[in-house]
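Given below, in the form of structure tokens, are the structures.
The two complexes that follow have chain A in common; it is paired with chain B in the first and with chain C in the second.
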Partner chain A sequence: MIPAHIRPESLEELLTALDTASYTIFAGGTDLLIRKRQWQGAERRFEEPLAFINHLEELKEVVITQDHFLIGALATQEDIASNEALPDYLREPYRQMATLAIRNIATVGGNLINAASVGDSLPVLLALDARVILKSVAGERSLTLDELIVDKYRTAIKKNEVLTQVIIPRRHFSGYYYKKIGQRKASILSKLSVILLYRKNKNLEDLRIAVGAVNSRPLRLKEAERTLLETGCIDAYLKALLESFHSEDDKRSTREYRETVTLDIIRKQLEQLFS
Partner chain B sequence: MKITDVVHRVDTQEKIKGTAQYIEDIHFEGLHYARTLRSTIARGRILSVTYPEGYPSITVVDARDSIARNEVSMITADMPIFARDEVHYIGEPIALVVGRDKDEIIAFMKEIDVVYEPMTPLFTCDDNEANVFTRRHYSKGDLASLEGCEVFEAHYKTPYQEQLYMEKQGIVALVAGETVEIYGSMQCPYYVVNALKNALGYPEEKIRVVQTVTGGAFGGKEDYPSIMACQTALAALKIGAPVQLVYDRREDIQFTTKRHPAFITVTSYTREGHVEGMKIAVKIDAGPYLGLSDVVLQRAILTMTGAYQIPHLEVAGTVYKTNNIFNGAFRGFGGPQSLFALETHMSRLAKRLGKDPLTFREEHFVHQGELTSTGGRFHEAIHLEEMSRMLKEMSGYPELDTEGHGRLVGHGVAVVPHGGGFTGDGEAEHIKAVVKLRKDTEQFIHILVSNVEMGQGALTALSKIVASALDVPLERIVYNNPDTRVVPDSGPTAASRTTMVVGRLLYNAALKMKEALQEQEEVVVTEHYRQPDYLEWDQEQLKGNAYLSYSWAALLARVEVDPVTYEVTCTDLYGVYDVGMPIDEKMLLGQVHGGVVQGLGYGMMEYMDSKDGLIQHNSFSSYAVPTTMDIPQIHTRWLINPYIEGPFGAKAAGELTLVGVAPAIATAVADALDREISEIPVLPENLLKVVTS
Partner chain C sequence: MTQVTFTLNSETVSLETTLSRRLLDVLREDLGLTGTKEGCGEGECGACQVYLDGALVNSCMVPMANVMGREVVTIEGFSQTADYAKIESAYMEEGAVQCGYCIPGMVMATGALLKTNPHPTLSEIKDGLSGNICRCTGYQTIFKAVQRAATEEVDE
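Right, the complex of A and B next:
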């Protein structure tokens, strides 16, 4: 017999519950409901009781401080896409996710916790050196995206923890490039996505590149990025990128396409940037 | 009212408001649910099926419950209602599991144990005669006599396509007294009646089939509902309660009929820039049962010369038996495959000969009075030159917009026919449509036909024809969903025949009724189909007039291809359509837009692969169909060319709007990349290969 589902009144109550029993945390539910797809009309059966949290206002806040964007885990994807106080480079990937109806209920935290290889918010957050706050009754810890996302659909979050906030350092970028490729122009999962952020005055001062949906996790080569910034050697960077790809043929695309086109897109952007 | 009056679609309100009752919405007292136990292997013997104990409220219905014949009768009856000893494709129905609680049915099904002895399956078209269902052939002139021609042979390949009607397949069967009643989403109520007569051995009086509001069909509900009706009828008879069988979306995508994948070889013989002859071989994969495939093949080969006069011709077609999914009807019915091959070939030939692709086509256009590829005569006026001129005028041809802002721009043309109604003498020999009009004492006029509204606008079009012929307001016309207890058999809702053929019969009936319009009592007028005397057809030789009449379309697609990602954007689709006289311009525009979108999906993105007999792209997230963001600017003009046999001059329209779109787009992409393309969809993955190879 599965214990009852819960709907805690506060974060504190949620953390206490998570400390005593195992729950599946249910926020927007757009991924969970699909995962438990069942014959229409039959029960969607979860292995664990659900903890419904989508009403917790304290986790919905989006705050902009001097140095950070603080995004509550329950902010919806559309909250980010439509928030004019946030920079375009952050909003754009959210704007191209799913459909408006889904973005209105799907959460920022949910896309991270789901940790799908095709999660379109992951590359931009990785490029921005975002951290996530995980809370439990024992306290809180902060992880980078690299630490959070262990593999496709696997995170480092513990059973008694909940993701409460995403912290994005505010940096000045003078430009960005975002490209998502799917089987059609909208409302589609990515075959691949590329985000490129840079600050260029006389010289290129900052450059970040992240790739989504090619590997099982979002990909960013910090070391190679630094070398690229220092040397301007595009070929070496692309070689490093190619060597770190481990894509596969699947229903949406081919390994050859993903890898070739990702490299070609980045090469074209870099050539413009370094010219 | 007048036929030219602008009206609102009769069914718009209830569908937009959500009050329309689809089969899943209708309440039936004591309704039971059914789920299908399916084969998990592509070919083999069933050694045993063991059902779990301890489920008193679950009933299994399988081949042992068959009554007269364990056959689904379509054109032939080679498909069993339930697999008995052998299975021939993954997903083949073995049984229905019936109960009142869906969770219990799921639990029961998890415990079923089916033991198979696998046999070697066949997933490719294999020329061993044992694996061939049918072969068809026709010829014209004397291809062998051609000398000094330049020979160009090319192979073309087209994929599966899923109809993806918004409403999934759904049927409810129940027993009322001595009668078996079927309710459901369907195109052809009398196909279902005939299948039940054969399966149950019942006379027609003991069978009642009622079409419920149908949320799209595109051919997918032409043959398939017969299978589900036979299964649920057996279930309802066994348990004595209504049984509902509604597929899940993935089940529907994976296991119901698709458009036939086709492999087409075109060998052309040109001399002095003119095509003197063609040799064509069309191969289609039927899956394990014949179903409608031989008819699909006939339309494919009879469409094979398109809008062109080819003096010497050899056309052969083969339907192959495989252990892939069972294929069936889909808007265009063989035409889209042939016309992709032909139109792509014509554009390739034009390029090889250094000719403008539209001019090259014009030099081969057929004309009124000439013989068709099967030796019939084109009786109707044909205005292909004028259509070509209109197409040039509206698109600015040949001064085309080539500014792509960094993207490669290409243009492609296609000029295509679609034959209206059933192939050959099918309307007269097989369908023998009967329609009735009934005026009741309240002065309402009832349209009594078995043709259905499935989203295409039949309800409005046929009502408008009758109201206009009688010159009464549209509100006086009653056209309920067909109930075979009430309506005669006016044939299937297929082959773009509803407006043209059934509409004409209703028009005739209305003219007869007109004299009696003032009378107080009930009046019923019956009208039978009669083939025009000037048409002749030899079904054995495939000689004569293959179609009652032809509708035509001349298309030009403009595409932009990203030179880095190979993403294709179709920016504009220009089309000139000859559908005789448009019965309702707004609805016809709806057909054009829908046809363009479905054709664009077929040509550009709807990729469906089968691996070891199992469809891989089985969901909305992997099988991508166009959304509004993918739809080009659609520019449409009509060539008005009244058809003497059609109601108010109307010809076939529904399928015509789809069949030429894929080749127009594919050849535009070939033009943009300056490469040859011989396969659809033109996925970026394939373009990358084409460009780098």
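Right, the complex of A and C next:
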């Protein structure tokens, strides 16, 4: 049976539909169409009808206010990568995702709701204390990334909700470091990724570190970060990081490679920062 | 089935299809535009690339719901332009085409690159074509063709 897909004309119409029946929300589709792939040319089979939302202009806006970057959930990854008004530390991870032809379709919100362990936008957003807005007919709520992403491919979004916006606090960073490691440079799923953001004047005043693709969800140790900033004890931070790893061997890499390389990269950066 | 209307190579097209059907299948099967190829079917190879509202996309990853009201240009449409003529002659001059299966996608990606960056460096060319896989040429002749297309003036 062909399910009755819908293509609501407005956010309001979408929310009403989500409240009355069960739909899979379909944005850019670069993950969904591939995950449901069958033999060549065959139509994709989905467990439930789709709600196509990619055309909703109201969810595409990128707004920069004094305190925040407000990113519409349907902004494409290339909208972020190529937006010169946004800071490099935010654009760079998006720029290194997939390829231009995919980034032109894939959305910011899609990468979050797909919640793959290798989602390269997750670590930077976690490091920036980003929040997401989830809307339903009942109203809206705001979650941190830590609250949104429950596990690999699992989020806290309810069936009647849609992610509408990502809110990123604007902070001044004097520098950042981003490293994505994969089998090739472009069009590759990460073996691991590391982002460091810092503000350093005379002393180091702010420091955030997030790791992607090692654990089943992005990893950031806020407590250990604070201690590191206060004490400068790199070994203690790396020990805490190692203890929180639960990587596995898979087709992309091994546990040993991921953990060793992640620690080596971060150690090198921290030693430079604290020297 | 849903009535889907969009612009294809400067002409309005309206057809009955399902919203989840891929643009690639509609182009090749319903409309007979077989210049756009299916390679991997999962966004890795770029053989199915077209322009959607002027942006390079993989048509294997675009459902018809996301095409409604928008403008699609395929290799058939692009081949009518002066930009294409320059790219075509550069590919021929450099011997950049072997089996040819990847070439429609390569040409679309080349067109997209040169539109935003008319004089790319070798590194920018590699970046611009990083979503396209060729199993014959080893890429070197293709890179040279893009460089040639970027430097040569067209005779019109």
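Structure notes:
One rule holds in what follows: the second predicted complex is superposed on the first by the 272 of 275 C-alpha atoms of A that agree within 3 Å, B and C clash if a C-alpha of one lies under 4 Å from a C-alpha of the other, contacts with A are read in each partner's own complex, and residues count from 1 in each chain.
Just so it is clear, a residue touches a chain if its C-beta (ideal position, glycine included) is under 8 Å from a C-beta of that chain, and two chains touch if they have at least 3 such contacts.
The shown structure was predicted, so the numbers you read here are calculated from the model rather than taken from an experiment.
Looking at the shared chain after the overlay, A:L221 reaches neither chain B nor chain C.
In the superposition on chain A, A:H5 makes contact with chain C only, while chain B stays out of contact range. Once the two complexes are laid over each other on the shared chain, residue contacts for A:Y257 go to chain B alone; chain C is not touched. By the touch criterion stated above, A:K185 is placed in contact with chain B and with chain C alike.
Of the two partner chains, chain C is the only one touched by A:I102; chain B is not. By the touch criterion stated above, A:L50 is placed in contact with chain C alone, chain B being left untouched. In the superposition on chain A, A:T30 makes contact with chain C only, not with chain B.
Once the two complexes are overlaid on chain A, the chain A residues touched by chain B in the first and by chain C in the second are 40-41, 43, 185-187.
Put simply, chain C touches chain A in their complex at residues 2, 18-22, 25, 29, 38, 41-44, 46, 49, 52, 55-58, 60-63, 65-66, 68-69, 109, 112, 127-128, 130-131. Every residue of chain A that touches chain B in the complex is listed here, in rising order: 38-43, 179, 181-189, 251-254, 256-257, 260-261, 264-265, 268. Remark: chain A residues 2, 5, 7, 26, 28-30, 33-34, 37, 40-41, 43-44, 46, 50, 52, 54-55, 78, 98-102, 104-105, 185-187 touch chain C in the complex. The part of chain B that touches chain A in the complex is made up of residues 33, 35, 102-103, 105-106, 246, 248, 564-567, 569, 605, 607, 609, 616-617, 621-622, 624-630, 684-685, 688-689, 692.
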